[in-house]
Structures are given as structure tokens and as C-alpha cells.
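Some structures are shown below for you to check.
Look at the two complexes coming up: subunit A is in both, with subunit B in one and subunit C in the other.
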Partner chain A sequence: MRCPTLVLRAAFAVSICGASLLQGADPLNLSIPLPLTGGQAKFGEMMKRSYEMATDEINAKGGVKGRKVILAFEDSQAKADSARAIVEKLIDVKKQPIIIGEYTSACAKAVAAVANERKTPYLIVASADDAITQQNYKYVFRQNVPNAYYAQGLVSFFKDVVKPQSIAILFESSDFGTSGAADMEKHAQRMGMKVVLKEKYEKGAVDFKPILSKVKQAAPDVIFMVSYVMDASLLMKQLKELRVDAKLFAGGAAGFALPEFVDNAKDAAEYVVTATLWTPQVKYKGAKEYADKYKAKFGDFPSYHGASAYSAMYVVQDVLTRAKSLSQEDITAAMKKTDLQTAYGHIKFEDRDGYQNQCFSETFVLQVQKGEHQTVWPATYANQKYLFPIPKWRDRK
Partner chain B sequence: MNRVAIPLAVFGALLALPLIGLSSYTMHILVLVLMWTTIGMAWNLLGGYCGQVSFGHAAYFGVGAYTAGILYFKLQISAWWGIPLSVAVVSVFAFLLGYIVLKLRGPFFALATLASGEVLRITTENMGEFTNGTLGILIQQRTWIEKTWYYYIILAIAALTFVVIRKLVASKWGYYFVAIREDQDAAESLGIDTTRYKTIALVISAILTGICGAFYTNYMGYIDPHIVFALHDISIITIMIVMVGGVATEWGALIGAGIMVLLAEWIRAIPGLGASHQAFFGILLIAIIIFLPNGIVGDLPKITRLFRRARA
Partner chain C sequence: MGSAQLEVLLQTLISGLLLGGLYALIGLGMTLIMGVMKIINLAHGELMMVGMYIAFWMFTLFGVDPYLSVFIAGPVLFFLGIAIQKFLVNPVLKVDSILPENQVILTVGIGMVLSSAATIAFKSDYRSTPVSYGTSAFYLSDIWKGSPIELSLSIPWSVSFVFALAITGALWFFLQKTDMGKSIRATSQDLDAALLMGVNVQRMRVVTFGLGSGLVGAAGCLFIPIYYLYPALGGQFTLIAFVITILGGLGSNVGAILGGLILGLFESLTATYVGMGWAPVGRFLIFIAALLFLPGGVASLLRRRTFGK
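Up next, the complex of A and B:
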């Protein structure tokens, strides 16, 4: 009966050996935690491809201070304890001096707490929850704007073009959905819009008709939805089936900004606008090249998730080049001084409005026109004129 | 003799483990293994010995976790007080839930427990003022950065659970539990108040699970309803741990947790396996369940026989 301890010890030895094999000497090994399986895998996949594209380009130009960057990815399955396990390993076993990645806000919170405790800089690429950069974490940096800013471009589009009197807000039950909906409600009140309905739904639901019937009854000018990718297309399909008309259908980034949204929702996606943090048409240097290259390779334009991941590698290159050494403190100091133009925009980490180490950038509005996401707002960045007013469902072909 | 010596040896080995200077990553995995061992042992009391298969242990885990979380979030009291307090809160919850679900038998009981976990998750999501809803509760500063103390705390909880369950199973109550598992009607006709003893098994099992939940809040520093009331990630994993390790065995939960956490983590990290690691792990679990239906500990004689034959 000595088996239990023996098995445990054996498993240990194996796990320790497995981990230490990966420490290389000369090349710079970076592992990135990502959701590669489960509901968030689509986002993980896009980010993985983008990290790889950037790394290939960086390596082709001589790497970081002459060292070749070798990327590895670890699947966190969008689970907080797995994400934490990965990061503990990266910091402790692989001695990686900087952490990049993760996607869902819940995972990013778990990672941020560990990174800050262990005094290791952590660059967040696409996790939205406002709270993450409001904790006085010295070592946590966020490249994407927080959730409260996601809809800024969209709100100005409402103000200048749509001029709605009322809004219905639908959101998925996650921290991203809840905080996005709360922020939109605040915007609406400031603009004097009446919030006629604010409803939460279970993510991954198969039938939204009960909620959508309520929406139909409330007859709002704008229907605003915050959801990940599968729910976004299903919502639009069922809005079409129920013939729920509104002046405008709007999405709050995430699922609505992915090309898969158009692929899945097909013609129901037509005229839908969405907030986004980046578009392939932005005039940042390198943005177009990245978007075209991505499309040539994988068939679709990337969303802001990909662009942010792609640019994050350049931020890492820049930071590691400027850092006096590869110690965690020096990298953090270099990170704080980042001032870099990337394909994702101007990256600079600031402390303001209650956020720390937060990058603020402009947000945009996309509209689906003829099965493609087009940039329609702000007018200076638009590549297509917005289509508004939109036709009622029964008037569409 | 062995009945005392082996647990003491295992306990001693586990006690000494942090002294050999393990990385904080290994410690994290070990803490998770011990936590899952405790939850597995707790589930085993109800599911293994008493025969009431619960698909809703996330309910008790979550209530424990939120007891600690709400203390911190609402009252600014250290979340560690959640561990003692969760005993009281979870027992009330378990008693109320048990009153409803224990009237049902077999698959109906399983489904009712499954629903109870989901109901609590949705309730927590919607009680925004009290629980912070889906935004979850984030503890700004965890007590220790070092994992050693967390490890010893969860080791103490696990050891305590082991002792409690061993004493219970060897007592008169333990025999009642097994009698209920084997044939509830026969047990009843022998004069065992089955509802009462099923409730006792449920409440004790729930309390032990709830303590782990409160520990989880302190350890991870962040909880939200999707994490702690998770159907798959908590309730089903708990059942898998016991099934793989061995139902109604003393060591099954430890072996099962070792496989479900250590082995899963190890397979996940195999470079090049990529997103297919889950399929790989799934196949492994299927193989274990097909060839060792009583779990690894339950089928230990079968395994040793196999090895002996291979050597001969």
C-alpha cells in the first residue's frame, strides 16, 4: 500500500523534468497564455496567429538585441486557475521576465494578481474589465482601452448621426458584458436617452426569443448588445426571424467585431454597427500591411484582438531593447516609459481617471456592408460612408 | 497497524514536501491537488458511502467561497474568517437544499442537485448589490505571496477531512450510510431513519466542500459565479476525481485528484500537443473508466495481478 506516495513522487519527477527541458540559453523564449480550447478559442487563435506574425517579422530583422525570439503558447482554457498555473510556471520555473497575453477578464485578473505579487511586468492585450487597471498594480500594463471607453466612438456616432430617444441594452452574464452594459447605461443617461430595457442573458444560450419579444414590445430606437461571438450572430439571426425593427442595431465590440460574426449571421448581420478598438482601415503606420498580410494568410481581416496582439510583440521588442537589463524591475521601468507608434496606434501607459498604467486610444465604429466590416466612424477614419437610416427587415430583399 | 502507519507516512511526506524547495508553480499545483483531494473525499462520503450521487457540489463550494468573499467585499473583514463562518452558512444551505433534494432518489436526486448548483449560480449573478454579480469579488492583496502557508492550511484541512471521514465511516453512522446505499428500503425496514442519515451525510459533505470554497477565495483572490458555481469545472470534476481514484475508498480522492490535476497539467504543457491536449486527456480518462471501473484504488488488486502476470 505504498502506492499513493510513489505515484505522486513519480508524477512529480516527470513534471519537473518536463518543465526544465525548455530553458534555452541564447534565444529569447517567450510563452504566452491564451484560450486555445473552449468558448473563447476563436479569439485565442486570432491572437496566436498575430503574435506569430509579429515575431517572424521581428526575427527577420534581427530579433531583440540580436537574440531570436522563440514563441510558445499554453492553453489556459479560459479558466482562472489554469491561467494562474501557467503564469506561476513562467515566472518561477522558466524565469520569464515579462508576461504577455490572456484574453478573458477573469483570467487576466488572476494573472495580474500573480504578476504584481511576483513583481513581474504583465502586458494585457485585450481584456476589458475596468477594475484590472484600477487596483494600484505597479506591474500591470494594459494596451487596450478599458471597457468604459469601448463605446466612446459609438456614442459619438449616436449623438451626431442616429440621435436616438431610447435604447435597449442586452448583455451576456460575464464581467465583460456586465461592465459594458453599465457603462452604456451611463452614456445613455448623459445623452438623455431613455433606457427602456436592460436585460442579461446566459452566455451560450440557444434561444433568445423570450428576451427579444420583450425588446420588440419596448420598441427602442437602438438595440445595443454586448456579447462574444456565437451569441452575437444568434442574436442577430433571431432579431431577423422575429422581425424586430429598430433604427439601429449596435454591438459592443468583442463578438460583433470578429469576421466570424458576419460569416455566422450572414445577411442578418447587414447594417449592424459595432464599437471596435481598431479597424483594418485605421491610418496607423503598419496597420494596413498587417491586415492585408493576415487576410492573405488566413482569409479574413483580423479584429482589434489580433492587431493588439501583433503590436504587443513590437512593444515587447521595444521595451526589452530599451531596458537596461532583463531584470523585472528594469523592464517595468522601460515599460512605463513606452512611447511607441504601432499598427494598433500610439502606445503609452498613463495614470489617469483612476487607472494606472493604462493606454488610452481612440475607438471606432464598424458597419457591416455587403458582408464586410467597414469603418464608418469617426468620419476622418471612415473608408465607407455609414448607411443610415437602415431598411426595415421586411423591406430587405 | 497499517491503518495508522500509512496515513501518518503520507501525512509526514506531504508535511516535508515544501522543505525540499519546490518552485511556486509546483506548490500551486500541489495546493490544487490537496484542495481537490478534500473535495473528492467530501463527495465520497455522500456519493461513495451513502450512495447519493450529487452533481451539484459546486453549490456548496460556491457558497463557501462567497461566504469568504462577501465578508471581505461587504464588511472589509479578512476573508480567512470565511473558513469558520462557511461551516455555519454552508450547513444551513445544505440542510435546506437537502430537505428538498433528498426526497428524490437515483437519477432524480442527481438532477435535482445539478439544478441546485445552477440555481445558486444564477442567483449569485443577479444579486448584484450583495455579491457584485458577474463582476466577481477581487481581493486586492492576498495574505502571502509565498505558497508555503497556503499549502499547510489546505494540508491541515485535507488531513482533518480524512480523519473525520474515517471516523464517520467506522462508526454506527457509517454502517447506516452503507446500508442506505445498498438498499434504501431494506435499511428503512430495519429501522434506520434514512432521510435523517442522508441529510447528515449531505451536510457533513457540504461543510467540508464549503471550507475548500472559502480556502479557494483566499488562495486565488478572485471569484465570480462562473468560476465557483461551475457545473463542469467543479461539480463534474469532483465526480471524475472520485470515479478515477476509486469510489468509497480512502485513498481514491488523493489518487484521483493527482490524476485530474497533476496529469492534466502535465499533458497540457506537453509542447506540440497544442489544443488537442483535452482530447488526449479525455481518451486517457475513458480508458481508465473502461478498464478500471472501480477506480485505480478500487481495482488495485486487478492492477497488481496484471503486473505480476507480466513479470512472470
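Up next, the complex of A and C:
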């Protein structure tokens, strides 16, 4: 039984052949696939900064078992093919025993398939498509809740405050958008809301006005949109242009939760609520410190993507410390037993409701008030009272 | 048709027309180059991206309105186009290669270089110019109080459309009335004859490439107030320009204008009555339909009409 471990260790030692650093031990090299160019680069950048922040903190406190962690990033351009190729290289050539990262659901799906096939544990930090952790993948772990749970906070806000009768759903034709829209439709049916319109669009569209005038005609109580950041801004801007009124404009996390959404949509972003998985106001230990440090360094509060990436490094540290060896099997076993409080919440991977190795946590509702995202729901976490009902476009100055 | 349906239809047509006007300007640049050079410039969208970055930086650094940047980005792109033609495309034209149309492949490379250079220089961040009038619009009910339907006309979209019309008009005047314009058209219609008539074909090629680039650079400035910008944006607009060029009839300027309008209206109507997710499919359907049933493009219809008389 010793042999394979030894071989793996040797392989690992060869692969890291970096100079011994201050600690005297070999550094631990980790490469993370991320979208650093292309349409999703904004998210990749935030996650990269957060991974680095956490790694600096971990190294300052002695690294992982006395070994300094050295991060490298590989740009997947949010293309599933590139993500797959990168991870194949990391596992087959660099013999990296654990994979973390990626952002879009399509990429994470591709990576999950590769990692599971090669029996290498993969920690997903912010990819939401429900299907990823529903395929009996033994080696795939997900820290963020799946798409079906994204809107839980939002749905309770609907129930308790907005009490809508009808809803229109607009979504991007990606894995994330499609599953987000399908999940919202299920929520709506359960609540007895009528889905008056459900339309997808291709990312990067210039003109949403044709579809928005159809929405206007359908006159739903709630307009729910699942979009990445620039589409989200364009949608709100064009809703304002057409004066499409509704009781509430709601976003399904992702683009709507980024500060860039407000920067681009300007006054059209006002009163828009969005689901989110984390806010700087959550009461998890370390959350506020992380958020403040990030803001001091980069000028804006991070969204849940950053917080999850930041905490993922601590999960990795914890797992590698507890693992009996750096073999894939031992790491997977340690991963399964994770029970850790992080800035992102309590990380614990469970098998339930048809999901495997899935971490479940509470979700929140943000509302844009005077150009800032404020936490407004659940009430216990709110730092501002929600503004509802919202004024009609015509009456806004 | 109830008033609600009428409202949706009219609003859709307005959107389609405004979008089509902008598309026409993008398509026009590619068509012009296609006519004279007989090649498709596949760096077209990337040139537009460069124009947009100029507008973006002028706005961010000096507070110059994107619409005024038309007069900066247009000329800058004109000279960039001239440089590309002179130092990159012309030398390649002279080389014998195993591939036909190797200049087309060259333009693909130029496009890649431009978008990668933009990624390195400006990062892949999304940028936009949040102008104060970004979401202002005229409303029918503000003008006509008792209107049974409500229509809105976005101010930046309308301004962009008017600019596109003006630029198109100026181009038409240039091509029809000036000596150089006539030479360009001659080169486009029959290269050998133009050469025999003493037209400096080489020079016309250079000017045309400059003109095509300048047009799309100006189009970039018109797009940025209503859209946004990132380095990889070019491909999508190259594709649109390509479809318009085919639809318009490879090299016909009037065809390109009509092609742009048709594509804009078609996309809007598809979005409203079929589904917005189908818009890209619709674009390719038009493309294939044009190739199959109207190989000469809209221009061939126009020509048939005139010959018929």
C-alpha cells in the first residue's frame, strides 16, 4: 500500500521543483483555472484577488503544514474547452492533487467531468448549475449553493413583502441562466404566481426593447432576470427607457450583485433587488474583515464570488492539513469530512435532496439604494430597511 | 389588432429601424472594402472596438462626448486603415501563396492582434461611457396627452441613428460627386478598366481601406453610448457586418444600407414574435437564405428593376 503513495509523493515533489523558501520545506504549488480575459473576466479578477488575499494570510501564518503556498492562475477565457484542457494538464502533467476554481457553470461542468474521471477532488466556488452536483460525482465538491437555492431569500421576500400575483422571467441562454429561470418558474408555481412570460436571450444582445415591450404588455408584478453584469445594466436601462413598470425588479444574483451593475446602469439600477449568496454584512466570522480589507485594497466591496474564493483557500488549507497524505484519495476523504467556519459561512459537504458533496447555506437579498447595494433581507441580517413599494418610472426624477 | 398589440408592433419597428441604421453603417465599411479589394475584412469588428476605445478614453480622460469622438476616432481609424493596407495587406497581395485570398487570413490575424493588444493594454474589463442622457427618451404620451398607446424614442439611439444617416449621406456624396469617389467606384466595378483609364488603383485601395476603417470607427463611437465595450467584442460585429455584406450583395453600397435595415428590423421582429433567443438563429437563416435565393443580394433586385425599364 505504501508504493502508490510514495510514487505520488515523488511525482509531486518533482512537479514542484521550486527553490526551497523561508520555511525550509518545499512550497506547495497550486494552479487555479479562471476566466481572466473575455466576457467573464470581471468575476475572474475578483476571485483571483480573493484567492491571493487568503493565500497571503495563510502564508503569513505558516502556510499549509509549514509549506508556503504559491498560486498560479490559468486563463480559461470562460470557454469550456480551454478549462478542460487546463485541468487535464494540471492533473496529468503537473500532478496537482486538488483542483479549485473556474467560474461559469459550463466550464465547471467540463472540469468536474475531467476531475471525477481522474479521481481528483475538485472544489467549486461559484458555479451554480444544479446538475453539477447531481451526477453522483464522488470527487466533486461545491461550496456555493446550487441555482435552485439561489433565490430562496428572494422568494421569502416575495412571500412576506411583495406578494406578487404574476412574474415575467428573462434569462441568458447559458447553463446558469437556463437553470436559474427553470428554478424560479418552479418557485413561482409553488407560490401560485402566474408566469406570464419566460424568454431567453443571447448574451451580448444590443437591443432588448422588442422583448421588453412585450413584457410591458404582459404587465407582470415582478420582473425577474438572470443575467451577467453588462446585460443586467442594459436591461435596466432599457426598462427605464420604455417605462416598463412593475411592483419589483429582481435579479438572480451574478451580474446584478456586482458594484459594476450600479456603475453602468446608474439611476436605472435604483430599487432593483437581487438574490445573493453572501453580503459584506453577514455575521460570519472573518467576513467583515475580508470585505473591509478588499474594499481598502480595490475600492469596492466584493460580491459573493470573491468571498467564496477567499474562503475556498481556507478550506484547502484545512483539508490539506487534515489529509493523511497528499494523495487524491486522502484529500477527497478529508474534504468529505470538512466542517469549517469561514468568512463565507459554515462549510460542510452533504448528500441530500439529490445533490452530492454539496454545501448548503442561507441566501440574501440586496437592494440598490442611492447607488449602493444594501442588505435588506432576511430581516435579521438587514443593514437597511427595504424600500417597497417602488415609485413608477414616470414619477422618478 | 388591439391598441396593446399595435403598441408592441410599433415599438418593435422603431427599435428595429434604429438598430438597422447602425448596422448599416457597420456593414457599409466592410462592403466598401469588399467592393474595391474583393476581400472580406475580418478585422472589421476589431477596428470598431478600437474606435470604441478611443471614444471611451476621450470620455473618461477629457470628458469628450462620445458623439464628438466621431470626429476623432473616424480620422484616427482612417489612418490606421491606410497603414494596415499599405504595410500589411499590400505586401501580402504581391506574394504568391498556396492559399487563395491569403489577405483574408491576414485580416483574421490583424483582428486577433488588435483584440489581444486591447486585452493587454486595457484589461478585459467591461467599459461604458455613462453619459447623462443615457436613458432619456421622448414619450408619445408626453407630447400627445390623450394617446391610446405609449411609445418611447430613446434619445441616444436616435442621435446615433441620425449620425449614421449623416455619415452615410456624406459618403454617398463623396462617392458620387468627387473625383476620388468616382475613381473608387470605377475600381470597384472593373479593376482592369479603371487601370486602363488611368486610375491609380493602388492608391484607391489604400484610401478605400482607410475609408472603411474610418466608417466602422465612427460606428463604434455611435455604439458606445448605448452599448458597452470589452476587448473581445469585435467578433460579434464582424459577423453582423459579414451578414449585411452578403445580404446587400457583396460590394453594393445601397445594398449594404438596405441590408443593415433589413437585418435590424428582422432581428427586432424575431425578438418580439418568435423569441429573443432566436435572434442569432434568424441572423444565420437570413445569411443562408440570401446565399441560396438571392446570391446577388439586395443589390441584384435593384439592378433588375433598373434594367427592366
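Here is the rule we go by: the second predicted complex is superposed on the first by the 372 of 397 C-alpha atoms of A that agree within 3 Å, B and C clash if a C-alpha of one lies under 4 Å from a C-alpha of the other, contacts with A are read in each partner's own complex, and residues count from 1 in each chain.
Just so it is clear, a contact is a pair of C-beta atoms (placed from the backbone, for glycine too) under 8 Å apart; a residue touches a chain by one contact, two chains touch by 3 or more.
All figures in this text were calculated on a predicted structure; none of them were measured in a lab.
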Worksheet item: So, A:Ala106: does it touch subunit B (first), subunit C (second), both, or neither?
Response: first
Worksheet item: With both structures placed on chain A, which of the two partners, subunit B or subunit C, ends up touching more residues of subunit A?
Response: B
Discussion item. Per the contact definition in the header, classify A:Ala379: touching subunit B only (first), subunit C only (second), both, or neither.
Written reply: neither
Item to complete: Considering only touches as defined above, state whether A:Lys200 meets subunit B (first), subunit C (second), both or neither.
Response: both
Discussion item. Looking at A:Asp263 after the superposition, I want to know if it touches subunit B, subunit C, both of them or none. Which is it: first, second, both, neither?
Written reply: second
Discussion item. For A:Thr37, using the defined touch cut-off, is the partner it touches subunit B, subunit C, both, or neither? Pick first, second, both or neither.
Written reply: both
Discussion item. If we overlay the two complexes on their shared chain A, which of subunit B and subunit C does A:Ser174 touch? Say first, second, both or neither.
Written reply: first
Worksheet entry | Residues on subunit A lying within both footprints (that of subunit B and that of subunit C) | 36-37, 41, 173, 200, 202
Response to the item:
As the complex stands, subunit A meets subunit C at residues 36-39, 41-42, 45, 173, 199-202, 204-211, 213-214, 216-217, 229-230, 233-234, 237-238, 240-243, 260, 263-264, 266-268
Response to the item:
subunit B contacts subunit A in the complex at 2, 6, 9-10, 13, 23-26, 28-29, 32, 122, 125-126, 133-136, 138, 140, 142, 145, 220-222, 224-227, 233, 251, 254-255, 258, 262-263, 265-266, 268-271, 274-275, 277-278, 300
Practice prompt. Using the touch definition up top, name the residues of subunit C that touch subunit A in the complex.
Written response: 4-5, 7-8, 11-12, 15-16, 18-19, 119, 123-126, 128, 130, 134-135, 137, 139, 150, 152, 154, 223, 226-228, 230-233, 236, 267-269, 271-272, 275-277, 279-280
Worksheet entry | Residue ranges of subunit A touching subunit B (in the complex, touch as defined) | 1-5, 7-8, 11-12, 14-16, 18-19, 22, 36-37, 41, 72-75, 77, 79-82, 84-85, 88-89, 91-93, 106, 109-110, 113, 117-118, 129, 131, 135-136, 173-175, 177-179, 200, 202
